[in-house]
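Chain lettering (A, B, C and D) follows the sequence in which the chains are written, and residue indices restart at 1 in each chain.
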Amino acid sequence: MKIGFIGLGHMGTGMACNLVKAGHEVTVYNRSPEKATPLVEQGARATSEITDACAGELVITMLADDHAVESVVLGASGVVASLGNNAVHASMSTVSVALSERLAAAHATAGQRYVAAPVFGRPEAAAAGKLFIVAAGADQAIDACLPAFAALGQKTFRIGDRPEAANLVKLSGNFLIAAMIESLGEALALVSKGGIDRRVYLDLLTSTLFTAPVYKNYGGMIAEGKFEPAGFAAPLGQKDIRLTLAAAEALRVAMRLASLLRDRFLTLLAQGGENLDWSAIARLAAKDSGQG
Amino acid sequence: MKIGFIGLGHMGTGMACNLVKAGHEVTVYNRSPEKATPLVEQGARATSEITDACAGELVITMLADDHAVESVVLGASGVVASLGNNAVHASMSTVSVALSERLAAAHATAGQRYVAAPVFGRPEAAAAGKLFIVAAGADQAIDACLPAFAALGQKTFRIGDRPEAANLVKLSGNFLIAAMIESLGEALALVSKGGIDRRVYLDLLTSTLFTAPVYKNYGGMIAEGKFEPAGFAAPLGQKDIRLTLAAAEALRVAMRLASLLRDRFLTLLAQGGENLDWSAIARLAAKDSGQG
Amino acid sequence: MKIGFIGLGHMGTGMACNLVKAGHEVTVYNRSPEKATPLVEQGARATSEITDACAGELVITMLADDHAVESVVLGASGVVASLGNNAVHASMSTVSVALSERLAAAHATAGQRYVAAPVFGRPEAAAAGKLFIVAAGADQAIDACLPAFAALGQKTFRIGDRPEAANLVKLSGNFLIAAMIESLGEALALVSKGGIDRRVYLDLLTSTLFTAPVYKNYGGMIAEGKFEPAGFAAPLGQKDIRLTLAAAEALRVAMRLASLLRDRFLTLLAQGGENLDWSAIARLAAKDSGQG
Amino acid sequence: MKIGFIGLGHMGTGMACNLVKAGHEVTVYNRSPEKATPLVEQGARATSEITDACAGELVITMLADDHAVESVVLGASGVVASLGNNAVHASMSTVSVALSERLAAAHATAGQRYVAAPVFGRPEAAAAGKLFIVAAGADQAIDACLPAFAALGQKTFRIGDRPEAANLVKLSGNFLIAAMIESLGEALALVSKGGIDRRVYLDLLTSTLFTAPVYKNYGGMIAEGKFEPAGFAAPLGQKDIRLTLAAAEALRVAMRLASLLRDRFLTLLAQGGENLDWSAIARLAAKDSGQG
């Protein structure tokens, strides 16, 4: 396939690379052009114009936030302005439900197709082509993306024809992870103030009830109090909880635990946690209790 | 071993049965004596006196709550009054940290040994001898229990020589499960109001990020709104969160998520949820949002 | 003074009327022009163009929300486009801190002066000229407004030269009222389930500790469960808590009680409380407890 | 009247003194007998036996907590053991609803009368005879107390014939004050991080919406960050919120704001606030936001 790929950050670089390796003809664009160099070495074509990345059947965007996506997709000479009739834009970034709705409308008006396809997985999973892809949009539009998705992820889940549903699922998934982090933070604050070894406790939990890797990985970071370097930085966590709450507000769903998480992230950032992993919210319960 | 077993409820019956099967000489006691009949058929000896159950090297108690344990252990003709010098009482019930401390003191004064050994696992796991046992107490006292524990559980975790630490771990584990239930309840309220199929959503979650069985089992109940019959009834859930918060208060650890859970359980019970599974707190977020 | 007045809602009508009565030369504008009729009878001049309302030394806006203010002030042929050099815009609406900052910048660029001057008080207080006015902006700009403010309120508080500070104070004041409503709701849910007469209880409170009228008025509504007609409708309450939290997020201040209120308002709206007074959040605690 | 008075702490000393001044024949008892000296100088009779204080028509207890009341009233040679037939015990301490129920039952069994009559007011109000008294119990029993209450308070509110209702009202009142403190703490954290002078802000609030003295007094302490010496110490605040939540749990009323307060008090105590005024919970919001 002839694919444009926009956004060569921690996630995007590995993803674009996998597309190249899979034999697709890939044109990459990044605001800071030097990020494209390694991909060009792998066989990609680099461009300094978004328009060039929109010349094929499919363009994928993988950007940091709403602001970046809005500017790249809806801006002058952006994706909507450039993409051909019936071509597909697969937006894989974690963005707001509201923006996804706007993109869907803009692409429809322009005679283009739009798939929201955010992913679960960290940069290592992106590099290994092991992401989980949550795709929503018209069935045929998703079908058109499958050759690309096959190179990017280990599985694609289809969850309906309204693109923004995929964004809602992605945000809710990050909420669930943050909720787990908070629960571990409180439990560890309790047992460690009760004199129990945090490591022993965590091993017990993760070899019995909570065997999912997400408990082991985050639990280990929390038990050791090691939040740097950040795998997923606190401001990104705060952003995702904000977007979750914004989507929930639009649907009039009160989410008390999400509200609690919102307050934790604000506290973490107010106290200088900008560069920490988002799981550092877990140490706030310990701090409140006079530990550490 | 010559073992006394006190408390033949949903959990205790299967546990006592496994002790008999493993070849131990078991004397069972239950307040309502008819519960002992099936065990007698398996080869246990039944008694109507707690004292008789305390004649061996080890007596195990598996009772519903603090009140029952207090009366059986500390009452006249109870375990402390009956147990021989150096014999061991293994308390496997889920009770408060404060009561466990009192039991430890009472047994020490009486020249007896005390192990707190609460378990993780539902009645099916108890019947199958697949419990996880969290044991704390003097090393030699735990050693003395191992032949029994081998018949009851798939693994015994030792977490130190202060018995009440085991109770704290057990309570915190139930807190973590309840926290997970709440998080799923909120996430499902959000996505289902957003038009996403709850089953599809849950399958996605539990085949990617949250592969632990505890997510699958509770998630399934929540997605289907099926909270009867109760595997673990709401009043028991409320009790465990209350005990968690009591332990946290004694240690001066603020647990915000546990406070949130406390309020959920009170609401569930105030609205008639007495006979529902404790995971029914998950439907409160949906109700708040006008669903169901 | 020659004053333009934009926005003839529940609050604005009484305010404009007081300006006329005080002898000012008032030009009124309202999107739905029929609202102007009674004012014209009092001596005001009506216009169908915002520009006409901006011909004097001072224009006052009193509108429903950010959206209305943004469109009236920043739109084509709006206040910024129309107001004369050095003339003053006094924005008395309850709007976001962020919008107030944008208005300040826009007016500064256009060589105009800007005062944020939101008010405390219900429509009756507006009609009686008894509002409390919270003013921020350049001292001389506030001075220029004083002849008008004298007709509108019983007192003007100056809280500095950054206009948005006045908006922050206004929002925080509404937060404090909502917090009081929540506290009364919980206390009344408790004592009434405990068999105590709600009216007797409230009389006791408001004649001892909580003598402020705000406790008496809202307390009475809550004790009687009478939330219609709405003096200040639930969606407006929700909006103000949202704006409070947005300002707090920008400043990185976690406000847990505000988060709790946010969830209450969402629940109230999700359950059909659109037309109720915002104090109806107080009945949610009673509902949670199985009352009413 | 011939009155016994038990408990000469900050509150009790002033109260007993007012009874003496009013011409009653007062016998005082305090665990530490030296506290009685000033009262003897005023004309009271001191005793080292609770029994002596129970020889008249009325005995009043004013003690620190449940534990003290339980021991004085229900202990050997305590009030229940000593009081004459049909004599009245007026319990004016702030205690739990559950203890008040136990006292009512014990006095009924012993053929004595019992009135719960907790008070609102600080030590200065106690010394000035300006307390507000919340009385519940049999009408004639309250009537019998009125000559004493007239000397102690500015007003007596009768709220029914179940004594424990008075305790519930008292606890809920302290909850409302703590809720107000929390709301002020969050509002001040917000506006002060927004650059607004805390004093100016507080003056504005308390001269407009929140004119009750309780806002002025606590607001002043919070604005100035002056929490020592404690008028009402943090551990007492924590105790009262605990008792409020215990009463609410028994009635199955979820009180979210009370839960929030519970967490605040635990945090304050865990961080060394033992000797601060309970209003110091208000500084936690500021600390969370990186201020101070």
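The rule is simple: contacts are C-beta pairs under 8 Å (C-beta built on N, C-alpha and C of every residue); 3 or more make two chains touch, one makes a residue touch a chain.
On a predicted model such as this, the values are computed, not experimentally measured, just so you know.
S.K.: Of all chains present, which has the mean Cα position farthest from that of chain A?
M.R.: Max centre-to-centre separation from chain A belongs to D.
S.K.: Fitting the CA atoms of chain B to chain D, what rotation angle results, rounded to the nearest 5 degrees?
M.R.: 180
S.K.: Suppose each chain is reduced to the average of its Cα coordinates; what separation in Å results between chain A and chain B?
M.R.: Chain centres of chain A and chain B, defined by C-alpha means, are spaced 38 Å apart.
S.K.: Hey, how far is the Cα centre of chain C from the one of chain D, in Å?
M.R.: 38
S.K.: At least two partner chains per residue is the criterion; list those residues in chain A.
M.R.: 248, 252-256, 260, 263, 266-267, 270, 288-290
S.K.: Would you mind writing out the residues of chain C in touch with chain A in their complex?
M.R.: Against chain A, chain C makes touches at 242, 248-249, 252-256, 259-260, 262-264, 266-267, 269-270.
S.K.: Give the list of chain D residues in touch with chain C in this complex.
M.R.: Touching chain C from chain D are residues 97, 120, 132, 134, 155, 157, 159-160, 162, 165, 168-169, 172-173, 175-177, 179-180, 182-184, 186-187, 189-191, 193-197, 200-201, 204-205, 207-215, 244, 247-248, 251-258, 260, 285, 288-290.
S.K.: Quick check: in the complex, which residue numbers of chain C touch chain B?
M.R.: For chain C paired with chain B, touching residues are 263, 266-267, 270-272, 288-290.
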